[in-house]
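What follows is a group of structures, each given as structure tokens.
You will see subunit A twice below: alongside subunit B first, and alongside subunit C after that.
The block that comes next holds the complex of A and B.
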């Protein structure tokens, strides 16, 4: 990754809709030539943030900087920031070719016809749509529409492209393929992608940097492995959808929860006491077996086969669902009987603990 | 079982509907082929003839029945309807465009616009004429005061048509255009307008036809020179001859021609896509 400085910066960006605060004084800075995933649940304000950067909406407070220039009051068409919509927003009355050429033809700068032709062909070629130039959007598939939308944006050679859940409208198969292609395209071009998504797997798979947004605030940002291994708060752990999270009390290096008492080496500062253990670090034992750590009694309810791993779903006595992820490369899964009681345990050193007593 | 009862009822309903919709026109159409110049505007048909059509175009020897004084009135009405159509549609599109954003006082403005089609026509006509004569002290003409009255009347129709169209309009295509560096004005021309064009055509059709046969507003507001509906009404006060029926048939055919133009223009905007879809299937 080439670090060449900041491409855009948000300074205290705030957006309110009546009495709802969608974005609460967001500060964020992005390096050039990066793939940034912005992960957030629906209603976290992620689309608002994208629309403010694009210039479709104005922040109530705060400034937006792009390439060292304050663009807060600049209209969208003067920003030179690309935007790929979730619903693609292709021009239905124009062919694929004219969709891609649209920006070059109608831009304030006059681009010579030969160059328009060439750049458009190149962009269509790059996204693998050669041969479909004369079709209209209604005659191409969802994945192809996505490519048209991408080519239409990239042909303008923007320095920053905003992608609003670009894979949300595609089926799972296609989504995986587009993920790979998006990354490949970005690496070929000198451009920063800011990809908004509600899917934790997508965010982790695609981002050089992942920023987690919740209730209008960036609650953590870092590399995917930083986020995955050391979530900064129980909320981040929750969005990653990879952690069993328990309530309890943290006191003097011990956490008392539904699984009894567990020793805690380090804890992170948080308003509530929470204990998080990853699905794939939780193990299943028969009652009475020797355990590596705490003991959580739970009934087996169901399993989900995912190909490379199996997810076992358990229900604790207080009706909380606990998940165990067994990767099949670690051996065959155990044969469990539905509604039987088992004991779940884990190495307490692998747990991530949050609490009032925590540091930082 | 249910359809056994329902079907005959529906059939009768449709028959009645068609009868009332087209009955008057069919009767007029038949009577327009009455023998002339002695035949009157009633059954029975003495003898089938095209006399009244020829009479309309002055192709028969002079008789005691004067030709319909419609020539100039027709031209006036066409010009007036065209002016009204263009003005009302432009205003309608612009106003509806403004209503896409909730602005302060939107509700009041909405009812002010729609009022134009709610107020009784005779009152508007009379009011316009009083305003022109007594307050503004300007002369009444079909192309001034009557034109204004027509626009006030047809503008709300164009506005409501466009409001319905823009209500369903997905503005993300406009935002996409802006994000490609295309100015809002050019975006309207290149993206918004082509997409709302079917609605614009409908608004134009409404404005044209409403203006073309407008009577109560024009009666008082048009001044000395009459429009077509007024000229025709004027002939009723003397005596009715089948030449009016012949003229009615001609204008109805003209309306159908207009509808055909509308249909063709409407079809053109989707034809290209369809044609390509067909080529796709063949290939």
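The block that comes next holds the complex of A and C.
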């Protein structure tokens, strides 16, 4: 059985730890040559999934396919899948050069010494570490360790590279730079990257495809804009961390929530009735002003200045926090008085509604 | 907060060091100097006086029995060291690395230490009923029909001393190695696997080098104890195996202080060389 176009495929992969089901019959297929980011909160099973694809763990049920072959029972060192560890896992007793050359030297296939030398130098150069070959991991910075880990994996020319929260251990500045570089390196090498992360901004920024994992299931996968604009379920909306989500009841094209009654054009099928409106589509009004839609009375509590925008935090009567994102390119923010009551409103057409009455 | 001047800091350092330094001078440096000094004293059959002479030293190196004891000591030390490593390393590998649960690994280490709940001498003497002509091993082998007559070489031979010492000291090898192995980041081993290395390669290239400081510490423990040994060889060799330690005991017993000091100095130098040699292999200060 061969497959075209897809690099790896998971078929009903299930993994349990005692009572805990970490992965619940996951089906997932990844196209060749793309950057996939796998977004999930901690405990969603994302690391388990990577470890199963890499071969460090076996699924309790299901099969793993890689380049058209069933590799479920193949040991990790025969799979040819790269893995970049969160803590880098460099060999502390070997120099940068020997760390990168390790795979070539100790692989099942013998690689001639001249080729080892050349490929290792190329890989070190590619990640911008030329000159540091003779240092040991303790003598390089966090960002450089990350590069060593990457070079060590890429020198083996894998077709699939798994990255387990690779930017988690780096500071914000470095993270942004590495994001760009990771994408550039991937494009140059024509490989598939599967990047696991708990950060929604990272997942959206990096992925050609974003898959959202929750409670051991892939709950949505698609391009970043698809995920961002049309989250398939309230959970996805929640992980994106860009939506105010309200409980209520959806009935006959209307949603009754804490903000009163709002007309609903279309709704998505979901077990609970939920109403989601993006932070940056929520607007602030004084009491009594003319509103574009539903009215949610809330007290202003605090604001957070993010440089290009300001996040205002409000508390509703039932003590729920509601966020409003005001982008500064839309004009100066309003002066709000802490603990005063304001009315939040939005264009109901922009809301995303989930409910039992929803279609698909 | 006051800023301390370097001079003040220096006196502080000195005060903190003083008790240790005084202790070491009184109970380590002074006695060693004394032993060196006494080794040059003049020994007559019934008395000793502090006239300096090289007689005891000449006596030692002129006697086949004494020099032989030196070589026996070195030989037994090397054999026991090799055996404790060969037996201890796989055990440590299991306890420190292969056992996944921390609890199980702690329980196993405690099991290793259980023999220490009885005294050293009992542990040594317990080998006699095991190895003797009518001991447990011979009886079992005879009952099983593997041998017709008891193996006599088992007890009161160099072999029995080696068996006894290996059993007693192997745990000092297991402990430090297991500790070092336990500190290896499991991700490193998985990374090596992911890069295509099989178990053998991972062992030689990753696990063994990273556990080397443990091996060195274990080897130092075992060496220090084996080189100074006299009880095991006394109890299990039937006086056939004489180590430097045994000579010190007999010389002291017959009040030959000068000769005992000569052997003591030689043993101390030997130990110094061995420990220094091991410390050259790894920089323990950096590794631990």
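Rule of thumb we're sticking to: the second predicted complex is superposed on the first by the 356 of 360 C-alpha atoms of A that agree within 3 Å, B and C clash if a C-alpha of one lies under 4 Å from a C-alpha of the other, contacts with A are read in each partner's own complex, and residues count from 1 in each chain.
We take it that contacts are C-beta pairs under 8 Å (C-beta built on N, C-alpha and C of every residue); 3 or more make two chains touch, one makes a residue touch a chain.
Fair warning: this is a prediction, and the values are worked out from it, not measured in the lab.
Aligning the two structures on subunit A places subunit B and subunit C in clashing positions. In the superposed pair of complexes, A:234 makes contact with neither subunit B nor subunit C. Judged by the touch definition given at the top, the superposed model places A:134 against subunit B, while subunit C stays out of reach.
When the two structures are aligned on the shared chain, A:45 is found in touch with neither subunit B nor subunit C.
Touch criterion met: A:92 reaches subunit B and subunit C at once. Contact with both subunit B and subunit C is seen for A:107 once the two complexes are overlaid on the shared chain. Across the superposed pair, subunit B and subunit C both touch subunit A at residues 54-56, 75-83, 85, 87, 89-93, 102-103, 106-109, 152-153, 156. Of all residues in subunit A, only 54-56, 75-83, 85, 87, 89-93, 102-103, 106-109, 152-153, 156 touch subunit C in the complex they form.
Residues of subunit A that touch subunit B in their complex: 54-56, 75-83, 85, 87, 89-93, 102-103, 106-109, 134-136, 138-139, 149, 152-153, 156.
Touching subunit A in their complex are the following residues of subunit B: 170, 172-173, 175-184, 186-187, 190-191, 194-195, 269, 272-273, 276-277, 280. Against subunit A, in their complex, subunit C makes its touches with residues 185, 187-188, 190-198, 201-202, 205-206, 209-210.
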